[in-house]
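Consider the two complexes below, in which subunit A is the common component and subunit B and subunit C are the respective partners.
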Partner chain A sequence: MSTPSDTRRRIGGLLMASPPIIVVAIFVGFPILVAMAYSFGHIGGLNRTIATIARGQHTVSSWHQFSLGAYRDVFTDERFRHDLVVTIAVTLISTLVVTVLAWVIAMYLRTTPEGAWFRSGVAKLISGLAVVPMFIPVVIASWAMLTFYAADGFIRSLCADLGFQGPTWGYTMVCVAIGLIWTNLPFATLMITSGVQSVPDSLIEAARDAGAGLLTIVRTVIAPLALVPTVIALTFTAIGTLGAFTVPYFTGPNAPNMLGVDMVSYFRSYNRPQQSVVMAVVVFAVAAVFGAFYVWANFRSAKDSGRV
Partner chain B sequence: MDRRKFLAVGAATAGAAALTACQGNGPGAATSGGKAGASSANTLVVYAGADTNIQDLWTKSLIPGFKKATGIQVHFQFDLHGQNSDQILNRIAAATQQKKDPGIDFLESMGDRAGAAGLLADPTGKVANLSEIPSDVLDTVEKNAIPYRGSAVLLAYLPSKVMKPPKTLDELLAWIKANPGKFAYNSPDSGGAGDSFVQTVLTKYLTPDVLKQMQTGYRKNLESKWDQGFTTLAGLNKSMYQKGVYPNGNNGTLELLLQGQIWMCPAWSDQFISGRAAGVVPKDAKALQITNPSFTGGATQCGVLSASTKQELGFKLANWILEPAQQAAIATTIAGFPAIPLSKLPAKLQSEFATADPGNMRPGFNSDLDSDMKSLWQQRVPGH
Partner chain C sequence: MQPSASGLLARIGRQVLTVVFLIALLTFIVGPLLWLAIRAFATTWTYPRLLPDGWTLQWFGKVFADPQLFSSIRLSLAFAVTTLIVSSLICLPAAYAFSRFDFPGRRVFLIGLFATNAFPKTGLYVALAALFYAFNLMSTFGGVVLVHLLGTVVFMTWIPAAAFASVPRSFEEAARDSGGGRLRVFFTITLPLAMPGILVALIMSFLASFDEAQGTYLVGAPVYYTMPTEMYSLVLNYPRQVAAVFSILLSIPSVVLLMLVRKHVMGGQLAEGFQIR
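Let's turn to the complex of A and B:
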């Protein structure tokens, strides 16, 4: 039975939620739809401007048709397939490493006992250092990393002094992965640390009293309770890495490289905006898969707290 | 700092960083204040997307001079490195289609792209000095664009390491193979110097008439003629810097030259000369033009927008900058090549530019072919 006041409250809630929805729909959703229409060959309306400048387009003449020409261009291009594989591989690796590192930091902070002055000092240092990348612009960090791992960089010089050949990681995917881990670590650390911190002391102490070791406590008590923030950190890191541009552009090799760089090259240097949009759609689709995890995590946390 | 405080501070900074990350450098960054200047009937809005040397040239020399000579005000919209040039071009295209004032009257550069998109007004008969420009240069510019200054790509090298620099392309290719890791060119999509190197190697295998067709129009069916050149370029991978690394941007290679990691690279003449003065190019570095074929050079093309309501003023400016006095100013301040023949310039400048041979500026491929070439290079050279 819904009373009139219930209905009023529901409408009120909808009205309060609508401004952000409308803003997102107009300024994000609509341009995405227009771009997708362009990728299927619709060059009229808002796409007319870009279509006068672009080359190598596949076009259709009426609204009910669509052309997969641009998609065929992109998917038959060996370079794109390589770059897609590289992008996904780098995304998975950096996400995994970021999550593991963030978990290690979170656990170290959580298990530091009161009064252990040395460990608490280290814990403070680590917690401070973990957020440092947030204060350093990505461009500057990329350059610093490139010089550090270059053929005449610190690592190689140090190795040469010790009498052996060090690796040259500048302009390789290794350097890109290191750079992406660096940029994504602070957010994941904050997210997972707060999740781990919020596990009540009483639960951990109860488990300890029952004779559980550290690993058992982590596995059966902390991990399940910190699952939702972990999934959120995972998805944000993965989506951020997937569309990365600055780090792979500055520190990566020419080929294969990540799709963020490809999209810019296609758009600007090759004057092929349609193909660039096709790649954006592909990245969008992959990001949607990661996004699904995020939605699931949110839904689960809402369900746990009885909101759904 | 205890844990809770750390978390609170951390969360606040995370939020702040997320907010700052949202601020891009959109077209607004380049076009602020455009309206105020554009409203006056006697003010011309000039857009330039270039490096700071071009900014100095215009704001310190050309604009004051033009105002003195004609009384016309110039509002200068400067966009460093042309970062917003795509948005600006889109805005102009949109305004032209809707028959509205784009807020810009004159493009300092990008005349090639705007011309190809049909956005420029026809200068025929309105710019008298156009007749001074050599016809082979005029043949290669896009529709209605006006070449007003030029630069060429040269081979920059460190004389302390390279005793006998190569004089021809064949010698250069042999040198690269003989000295692995000591040569680099930037990826062609990231800058004109590397682009010129790629074009020059491809040109080696082209007949003169095919080359002529490639310079003057978009003839996609001729692209198969590049196969041999691309094979040669892919064959150089192992001899390149770090076994096939192509740095991004024209200064990417110059930086490696400065660090001494490489000994030779292609570089833009003006960037090389001004960079040597600024210290970003080694002081003792030298540059020369190779032959057979030479590296390409290009005219920077300006143009008056067809959507502009002040075309008369725009053409007046175009005509004025092609006069010998202004061309000489361009040559002295930015080491740019004049668009008009060297013989029209003062004798002192003539001798200064004699070694760079600006008269022999070999034009590059048509801009659409060049875009295709960049894409094909990316497909077929690195990592093969």
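Let's turn to the complex of A and C:
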């Protein structure tokens, strides 16, 4: 039954909740629509200002037309195709490594028995270490990565002192991947650890009593229950990596590099915002694949627990 | 359990593996930071030595004497504080509404806020910057605050909403039954109990703004250079030791603030805040 006071509360709730929704609609949803229109050649309305500054645009004159010229520019560019592949590869590799590392840490913490001084000491140290990157601004982290893996960095110095030639990873994609793994580790670890911790002891013990080994327990008991946090961690890491600028800008090579760097240089340095926006649309499309995965996992868990 | 030779060997083997993993993790995570921090105190550093040739504090003086570097520190603080105030006003009431009122579209809106995080950041900022030209927001204080604000919306709605939701309604009802007004109950019961979550959100947001570099660079440059964007040019134009000093200064607020809420962040307030209810 809905009473007048109920209705008032509901409207009040909606009003209170609306400011962030409006902000996101105006400054996320709307610009993306406008930018998409721009990428297809629409230079009227809100795109007029930027279109007067930009070079090398492909334009259409009425609202029902569209031009794929900017897309053709971008996709026929050898460098873009290369960078797209590099971006997706780096995203997949760093997401995979971050998730595996976070799972190993989470399982170590979960299976540490009380009172085992060595293991609980190690567990404390590991859980502390894994969140350290959260305390450090990304700019600093990138710079630190670069100097550490540079030609005169720690790794090379150590190798030289031990009498052999070490690898130079500074200004390579290896350093970019390492940097992205480093910056994304804390969030994934916190998410997955909290998911794994929430699996009840009784379930794990029951499986162990039934003779299941650790891997079987992980696969059949823990993994299904920690699925949603794992997927949240996966999606956030993947989307964060796809949109990364600072880490690849600092630690990566001039070319090939990730699309985040390309977008900014097309926008700022080459003064070709339309091509930059096209790349943004491409990156959004890739991100949508990961986003769909996230929605699917949430939906599945809601279905499993009978909420849908 | 019977002690057997092979069992003991396996245990030692596992412990050795653990130590190796621990050292690798330590090197991977702390190594680069230490390597950078030491440089701030180095006179010169010759490859392949593992320590500098000599020690000095002169680089700190250089940073404090440089008016441009110093003004970027002030600007960063100004942006972070402004963003935090605006974000609190916009998001905290909404967080309360999401947790306590059942209005139509509640779940859709809550998930919709994630749109800010669903778009890769650089792509989003490029799209936003194109629009900022039309609104005359390029290279303005307001434009940069808007970019920073977007980075805080998810933290400032989701985490406090989870915190408000975890306050048992029975507490509020009991307080109301004993004669407390709605506002009084909110300020004496609900708010204090939800405070740890709100604090985590506030600090995460402050740092999100303080550390934001790419959007600020795209929208704010060449007028507004905050500490993180100053780093972009610093590493090219100054001795590496100056960049190291600057890095230490830039890390201090993050480290101090996160230390304050470390317990809550690691205790699951952050992870809790990202589960959909």
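What we mean here is this: the second predicted complex is superposed on the first by the 285 of 308 C-alpha atoms of A that agree within 3 Å, B and C clash if a C-alpha of one lies under 4 Å from a C-alpha of the other, contacts with A are read in each partner's own complex, and residues count from 1 in each chain.
We adopt the following convention: a contact is a pair of C-beta atoms (placed from the backbone, for glycine too) under 8 Å apart; a residue touches a chain by one contact, two chains touch by 3 or more.
All figures in this text were calculated on a predicted structure; none of them were measured in a lab.
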Subunit B and subunit C placed together on subunit A: clash or fit? clash
Counting residues of subunit A touched by each of subunit B and subunit C, the higher count belongs to C
Which superposed partner A:Ala244 touches (first subunit B, second subunit C, both, neither):
second
Review point. Thinking of the overlay built on chain A, is A:Ile50 touched by subunit B (first), by subunit C (second), by both, or by neither?
Key: both
- Task: Kindly classify A:Gly41 by the partners it touches after superposition: subunit B alone (first), subunit C alone (second), both, or neither?
- Result: neither
Requested in this report: In the overlay, answer first, second, both or neither for which of subunit B and subunit C A:Val132 touches.
Outcome: second
- Message: With both complexes overlaid on chain A, does A:Leu190 touch subunit B (first), subunit C (second), both or neither?
- Response: both
Checklist entry - Now for A:Phe154: first (subunit B), second (subunit C), both, or neither, which partner does it touch? => result second
Have a look at where A:Thr168 lands relative to subunit B and subunit C in the superposition and call it first, second, both or neither. first
Applying the document's definition of touch, where does A:Ser269 land relative to subunit B and subunit C: first, second, both, or neither? first
Of the stretches 60-68, 78-86, 96-104 or 222-230 listed for subunit B, the one clashing with subunit C is residues 78-86
Interface residues of subunit A shared by subunit B and subunit C, listed 48-50, 53, 127, 131, 134-135, 151-152, 187, 190, 193-194, 197, 249-250, 267-268
Residue positions on subunit B within touch of subunit A in the complex are 1, 3-4, 6-7, 10-11, 13-14, 17, 86, 89-90, 93-94, 97, 113, 117-118, 187-190, 218, 242, 244-248, 259, 261, 368, 371-372, 374-375, 378-379, 382-383
Subunit A residues touching subunit C in their complex are 9-21, 23-24, 27-32, 34-35, 38, 46-50, 53, 118-119, 122, 125-127, 129-141, 143-145, 147-149, 151-154, 156-158, 160-161, 178, 182, 185, 187, 190-191, 193-195, 197, 228-229, 232, 236, 239-240, 242-246, 249-250, 259-260, 263-264, 267-268, 273, 276-277, 279-281, 283-284, 287, 291, 298, 302
Subunit A partner, complex, touching residues on subunit C are 15, 18, 22, 25-26, 28-33, 35-36, 39, 45, 47-50, 89-91, 93-94, 96-98, 100-106, 109, 112-113, 115-124, 126-131, 133-134, 146, 149-150, 153, 156-157, 207, 210-211, 213-214, 217-218, 221, 228, 231-232, 235, 240, 243, 247, 250-251, 254-255, 258-259, 262, 265-266, 268, 270-272, 274-276
The answer for subunit A against subunit B in the complex is residues 48-50, 52-53, 55-56, 77-79, 109, 124, 127-128, 131, 134-135, 150-152, 168, 170-171, 186-187, 189-190, 193-194, 197, 249-250, 253-256, 265-272
